[in-house]
Structures are given as structure tokens and as C-alpha cells.
Amino acid sequence: MSRAEADIPAPDPALLEELVVANRILAQQQVVDAFGHISVRHPRDSGLYLMARHLAPGLVTAEDIVIFDLDSNPLRNLAPRYYSERYIHGEIYKLRPEVHSVVHCHARPLIPFGAAKGVQLQPIYHMSAFLGRGVPVFEIREAGGMTDMLVRTAELGRELGMTLGELPVVLMRGHGATMVGGSIKEAVYRAIYTAENAVLQMEAMRLGDVEFLAREEAELATAYMGTTFERAWAHWKRLAT
Amino acid sequence: MSRAEADIPAPDPALLEELVVANRILAQQQVVDAFGHISVRHPRDSGLYLMARHLAPGLVTAEDIVIFDLDSNPLRNLAPRYYSERYIHGEIYKLRPEVHSVVHCHARPLIPFGAAKGVQLQPIYHMSAFLGRGVPVFEIREAGGMTDMLVRTAELGRELGMTLGELPVVLMRGHGATMVGGSIKEAVYRAIYTAENAVLQMEAMRLGDVEFLAREEAELATAYMGTTFERAWAHWKRLAT
Amino acid sequence: MSRAEADIPAPDPALLEELVVANRILAQQQVVDAFGHISVRHPRDSGLYLMARHLAPGLVTAEDIVIFDLDSNPLRNLAPRYYSERYIHGEIYKLRPEVHSVVHCHARPLIPFGAAKGVQLQPIYHMSAFLGRGVPVFEIREAGGMTDMLVRTAELGRELGMTLGELPVVLMRGHGATMVGGSIKEAVYRAIYTAENAVLQMEAMRLGDVEFLAREEAELATAYMGTTFERAWAHWKRLAT
Amino acid sequence: MSRAEADIPAPDPALLEELVVANRILAQQQVVDAFGHISVRHPRDSGLYLMARHLAPGLVTAEDIVIFDLDSNPLRNLAPRYYSERYIHGEIYKLRPEVHSVVHCHARPLIPFGAAKGVQLQPIYHMSAFLGRGVPVFEIREAGGMTDMLVRTAELGRELGMTLGELPVVLMRGHGATMVGGSIKEAVYRAIYTAENAVLQMEAMRLGDVEFLAREEAELATAYMGTTFERAWAHWKRLAT
């Protein structure tokens, strides 16, 4: 399935820069530590995506960005090693044509919601209203039995994508979470506010019964917040670079 | 209702600078992130207020400050976009002549107190004694039914102001909080210590029954703490600038 | 009771510097914010003590250090305003001749232990073993009825000192805490690890019944840890200056 | 048992540098504060180990590294004072030939798990899968009766090593924890993710029953994560130096 390097359209420097900034933002905001990754679909070829080589997000530069096909074969700017879980990205891009960016992380506030039984992440305020249609939990045991917990094959990537369905966020039991968006900025926004919602929800649940956003409130707030990503991005970029 | 720009008294540079510092302090103290805002009433025309254009508080400079009338129409230093919730500020200035500064925020510790049922924010120590006359919660459903949670009209701003009443702080369910003061420094002080009180109260409630300040203690402490804003401001300013 | 300025022995520059560093350390370690203070008894006149003028600890320099008598009258390097609660320091120096430094603070982890009923701060590990003989709580209502919560008179200072007794730490309901030591370094050490113990104890109590240090373990550990203040001080000084 | 300094093979500068970086990483990641230490077995003489003199880890430089024999006698680059608990290191090196690095710390999230009864640290995600074979708690009272809590003798060091057994981590009631690894990077990785697991587990337990990694999942994940230490090290080193 892999193609000759000459066939691969060169990435736009502005996009490379945006992806590098996204890596730094996710690290500075503690969505990722040394682990986790973010990708973007190639704007000129929807069968390709861009993501860093095997490297901590906080250290990524434009020189570290590799181009992969949707089977997650590296095609351009080859490196000694790649993220073993790149199939998360490739398989979701296959299943979700409207998705243009994917974040995978082990953000601290999200692990408890993936591991504790009988609790559901729900939107507690307008900033995370995009959670309003539900947040599924991927149980890798159902897809692969006993594993090392990692999504290191196309098959597991596809199973994860099926659990995600048409939603923006999926939690992964004993592992982390994956978020998608129509752009890098949307995916980063969702990653940061999914984690923030988890912090807020944990605290609120200890105080008493929680009034979450109603389904209609969540839909309306999601629509409005979609106009504010640039404002948030400028803030996070200043902090991270 | 809007007036010609020539009629609008020019803002004092020192006031602009103070408002810029207030923005930076609120960001550094994590009362606001990319969202939230602070305004000040115009000292030479009580029918006007000053607030930044649509921009993260941590990035605000003097060039970004716009003058609005109390219907929240921008009059001077026009910009491509304004905070959609500026009606919070304008409507409160109409209802509360003695208020000279308003903060609106989504501070992390305050969201749980707005969302959990049956719990009330109360002053746990002298620093936040100004909470002693009660902290109401604004339920936007009662005012506007199903919304995007945002106070984006004069009507909703007025309803919020009515819930605030004569008090210094109002929580907003599924959204955040709004604080007022007789000066920028008082509003900033109240914003920071309202959030701090929430942190302390959550921890204390998990340890056992809490002895909050008595009403009389709260009144006496509020009066004394009113003499200390300069000391706190100098500290926060050093950290933020 | 106050004396002529000519009678007051000049402070040693090294001691002034150590007191300034202590202020910075307490701010950097978040034992104090804009409020709280640390004093040291005058090494050449046990009837005097040194403390900053009314100023946030993180901003204190050698020029800001005032000399007070034990009635808390300022005698040397007079300033426009002093900490209103300086009586905490003066009255404890009167009652405890072996005490050479006093810290007063509103450290975040200590407020819940002063406000929640039926819970006692106890040493959970060797670092805070000095808590082993008990941590009393000062209830200002018993001493002064309805107040602004502040220890702004010699009488309240003396009552606080009586509640402290022969111990190293006293919590203050609805207010904060006060720690003492035989030196600046011991008082700073105790302030930092009292707050740290509170964090640890809150978390441990949520996990199950806690095994605290036995009385004998606490005595033995206190004796040993007394040999390590220099090591801790060098670490905190590096972080704070 | 001590040997002449001339017999002691000089340490490799690269190893000294790695040990210095490890000290800085542990401090920056808040695994240690002014207290705690890390050692490495001498690569050219398995009967020796290297560790800093009595000094806060964040301040350690190559000049501060001392060589000890396994009875914890200092042999080369002698100093005025050594860590009183160096026996933790020497005795574990005697018992565990495959261990090449030891960390001892009082990391904040680990103290509650050592002090609360009836709770067990268990791996909540793949990053800390190495905890899957159990985490014992060392009760110094069983080994030494009433003590100052410190492992300041070879006998107590040996008892601690016996409780550790063949495992990677042992908690110490009322004190802290000790981790071991086949290399500095493995020991540092284990120290950081043991503390992280404790944070996550505390939060998850408050949400509901927790699904921990199954034994087989933990074994598989431990094997894979062993290939990723360099990636994590590069990230932590950037943050710490």
C-alpha cells in the first residue's frame, strides 16, 4: 500500500509549524507528558496524515514530522522509530472523513474516568459542551483479550474507531483517551477541555448531585464555542512557546 | 443609544494600565484562562465602561481596551469582535451605581459550587469574609429556558444582575461566576479569594462539619480587609508582570 | 515602654539577609501569599524582634525590616504602616524565651484543619514529627467574642500564645496558623512541613484508617530531623532567590 | 571492610553526568524535595556504588558524587557528611545483583498509601504496569521497634531489602518509598510513574470500583514500556536542566 516518496505532496510549512505548536501546547497544558501524540490529515491528500516520529511532544520540531498513509506506513521524512500507536490515527482517518486532526493522550484527569466503573464523563459547563452526546469507554479486552494495553495494530485501531463512532472523544480503560476534530485547533481545544471537565466533575460529584448541561444546552453551546478556537489558541500558544 | 466618538472622554493612561495589569493578574492567578473578562466604569462618565476587545486576558494591552456604553455598544477604539457576554458588565453597571468594576470568569474551583445541588459557598476565613451575606446561584434556565449558557443579551445580563442583587458575587450554573467591586483592585481581590474559598471549603467539607465565619465575624472582617487591597495588588502585580 | 532609637542595637546584615530569604522562601513555597509574616528575635537584645513593615513577604528587602519591642511598638526603621497582627510575635516572644522565630500564615492546607470539627492534625511521617505532641486550635470567639478574626491586640496575642503553650504549632479557626522555632530555619522548616503534613493527612484519611507516628517515634524523629535544617534551607533558598 | 582509595576505579564522567541529571529530574518532577536520593552501582566494580554526599538532589553536581562500598562506607571523594540512609542502597545492592540503581524518596502521593490501612497500590494503566506483581509496605516497627523512622543501619537496610524481595517498589509506612531498576533511567521512570499511579488511583477510588490492570496485562505492558525509557528521559531532562 505504501507509495514512492516522490508521489507525496510536500507539507506546507505553516501547517508543520501549527502542528509543532500543537505539540508544545499539549505538553505545556499537561494533556501529554513524554507520551501521547497529535496528527493532522494532509490538506492536499486525504489519504495521508502528518505526525512526529517517536519523540516526546514537548521536543518536537518541524524536522521531526513524518508523513504516513492511512495504513500508518511512513512515506516521507523517514525516522529510526515511530509511535507504536500510530494506528489510532490512521484508522480513525479512514472511518471519519470529516476528521482532520487526532489527539491521543494519557491526561491525568481522564485515567480515573476510564478505570472506575459506573461513572460517566458528562459536560458540566459550556466549555466542554461537546461531550454532551456521550463519552464511550474503549475496553481493549473486548477487542483483543489480554494485551499490553496499546493500540499497536490496525485491527485494534479500527476497533477503537468503532467505539468512538461519530463522537468527539473516547476514553480507553487502563490507558488514556483519544479526541478528534475538524482542525488541529479544534482537536487541541477538545483535548484540553475534556481534561478540564474531568477535574471539575470529580470535584462536583463530591459536593452533591450534579446538574450537567441538558442535551439541548450542550448542542447550543457547542455551536457557539466553535467560533472561539482562535482566541484560545493564541492564549495557549503564548504560554507554550 | 450610541454616541459619536468625539463625545467620549479619553481614558486616563493610568487607568488603562491598571486594567491591563488586572487582566494579567487574573490570568496568572488562574481566575481566567483564555476566557473571562474584567471591566471598569469610566471615571469621568458613569454611563460608560472600559473592557478589552475579544481577546484572552493574558494577552491584553492598552491598545485593546474599548469603551462601551451601558447598553454594551462599543463607542471608542472599535475592534473586529467583542466579548459576546459584555452585557454582564453593562447591565450590572446600570443596576448597581456603586459598582466600578466587574469580573466574569470560569475559575476552576467555582464551577462545582455552581453545578452541585444543595451546597452553598460560605466564608471559611477572614480573607473571603465578603461572602458572608450569601452567594446566590444564577440558573439561566429560569431566565431563558434552553440556551447556549451564555449571557449574550441585555435581557439575560439584567436577569443575572437581579440574581446578584446587592451582593458581591454570583455563581452561574453550568458556566462560571461574576464578581463586582467598588474598584478594580476590590473586584480582583474578590475574584481571587472567592476561588480560594471554594478550594478551602471543598477540602474542609471532606474532613467534617465546618465552622464558617459567623455573620458578625464576616461583617467585621470584611471591613478590615478593605484596607489591605494595595498590599495584595503589589504582590499579584509582581507575579504577573 | 518604647525606647529611643539610639538605644536599639543595629541589626547584623547577615541576619537581615536571612530574614529576607525566609520571606522569599515562605512565598515561593506557598506558605504565605500576599499575607502572612515571619519575625526573628534580636540576637543581641531578647526584648526586641525584627520583622518587615506592612508588605507582601515576596517583596520584602533588607530596607523593609523594622525593629519592634515585645509590646510590638516599632522602634527603628519606622514605616508608614505595620502588620496589624504583629502582636502574635511580640506576645509569643514574651511567653516563650527559647523561641527565636515566629511564622504566621494562612497556608491553604491548614485552613480546613482549623475549620472542620472533630479532626486533628497528626504527624503522618518523620518530616513532620514535631507535630507529635499535639496541635491545638485557637478559637478566637472564646478569647474575644465576635471579632474581625485578626489578632490585632496584645490581649489576643497573649491568648493565642497561651493556646500554643509549649508546642511548636497552633491552628487558628477561620484564620490560619502560627509556628515557632529556635531559629529562622527551624520556624521555616516547621511551617513548610506542617502544611505538607496537612496535604498528606487529608489524602490518607480518604483512603482508610491512618497509622500516624507513635508518640515515641515522633520524639525520636524530631530529634534527628533537627540536624537537617541546613540541607532543606539550601534547597528552598535556591528555588526562591 | 573499606579499601584504599587507590583501589577504587575512577567513575566514568558520562555516568557521573547521568547521575547528576537523574538528581535534577527527580527534584523537578517532585519525586524528591530537599530529601531523598538516587544511587547507581559502579559499572566496573559491582561491589561499589555512587551517590551524592549529604545534599538536596536539586543542588547535586558531579563534584558531589561519592563512591561507597556495599557496607555503605565512603571510599572516594570523601565529604563532611553523607546521607544517613545510604544503607538502603548498599543493602539492596547486596541482595539484588541485577539492580543497578536505587531511588529513595518521600514523594507526596506515596505517603498516604504507606500510612492508610487496607489499601493497596495497584497499576491503573500501562505506564505503571511494573506495579502489577504487588507493592509491599515496610513496617519499620516489625524490624526495629520504636525508631526515628529512618533506615540508618545496615540491619534496617537489609530488612527493607527483604520486604522489597524481587519487586521493583516498596512503600515505607510513615516515611516514603524505595524503587529499584536495572539502570538509572529505569529507576527514575519507576519512581515517577509510581507516584503518578498513586495520584490516579486515589482519584479513581473516589469515583467507584476500579478496574486495575490484570496480571497478564501488567506483564505484557511492562515488557513493552521497557523500550521507551529514552523517550521519557529526554523529556524530563529538557524540563530539569
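Note that the chains are named A, B, C and D in the order they appear, and that numbering of residues resets to 1 at the start of each chain.
Keep in mind that, in the parts below, a residue touches a chain if its C-beta (ideal position, glycine included) is under 8 Å from a C-beta of that chain, and two chains touch if they have at least 3 such contacts.
Note that the coordinates shown come from a computational prediction; the quantities given were computed from them, not determined experimentally.
Looking at the partners of chain A and chain D together, they share no chain. Any chain bridging chain A and chain B, meaning touching each of them, is missing here; the list is empty. Taking shared numbers over all numbers used, the chain C to chain D interface scores under half, which places it in the different class.
Set against the Cα centre of chain B, the chain with the most distant centre is D. Work out the mean CA point of chain A and of chain C, and you get 47 Å between them. Inter-chain spacing, taken between the CA centroids of chain B and chain C, is 33 Å. Annotation for chain D: residues touching 2 or more other chains are 205-206. Those chain pairs judged to touch are A-B, A-D, B-C, C-D.
On chain A, the positions that touch chain B within their shared complex are 124-127, 129, 196, 199-200, 203-214, 216-217, 220-221, 223-224, 228, 231-232, 234-236, 238-239. Within the complex, the chain A residues that touch chain D are 33-35, 54-56, 58-59, 84, 106, 108-109, 111-113, 115-119, 141, 146-150, 173-176, 202, 205-206.
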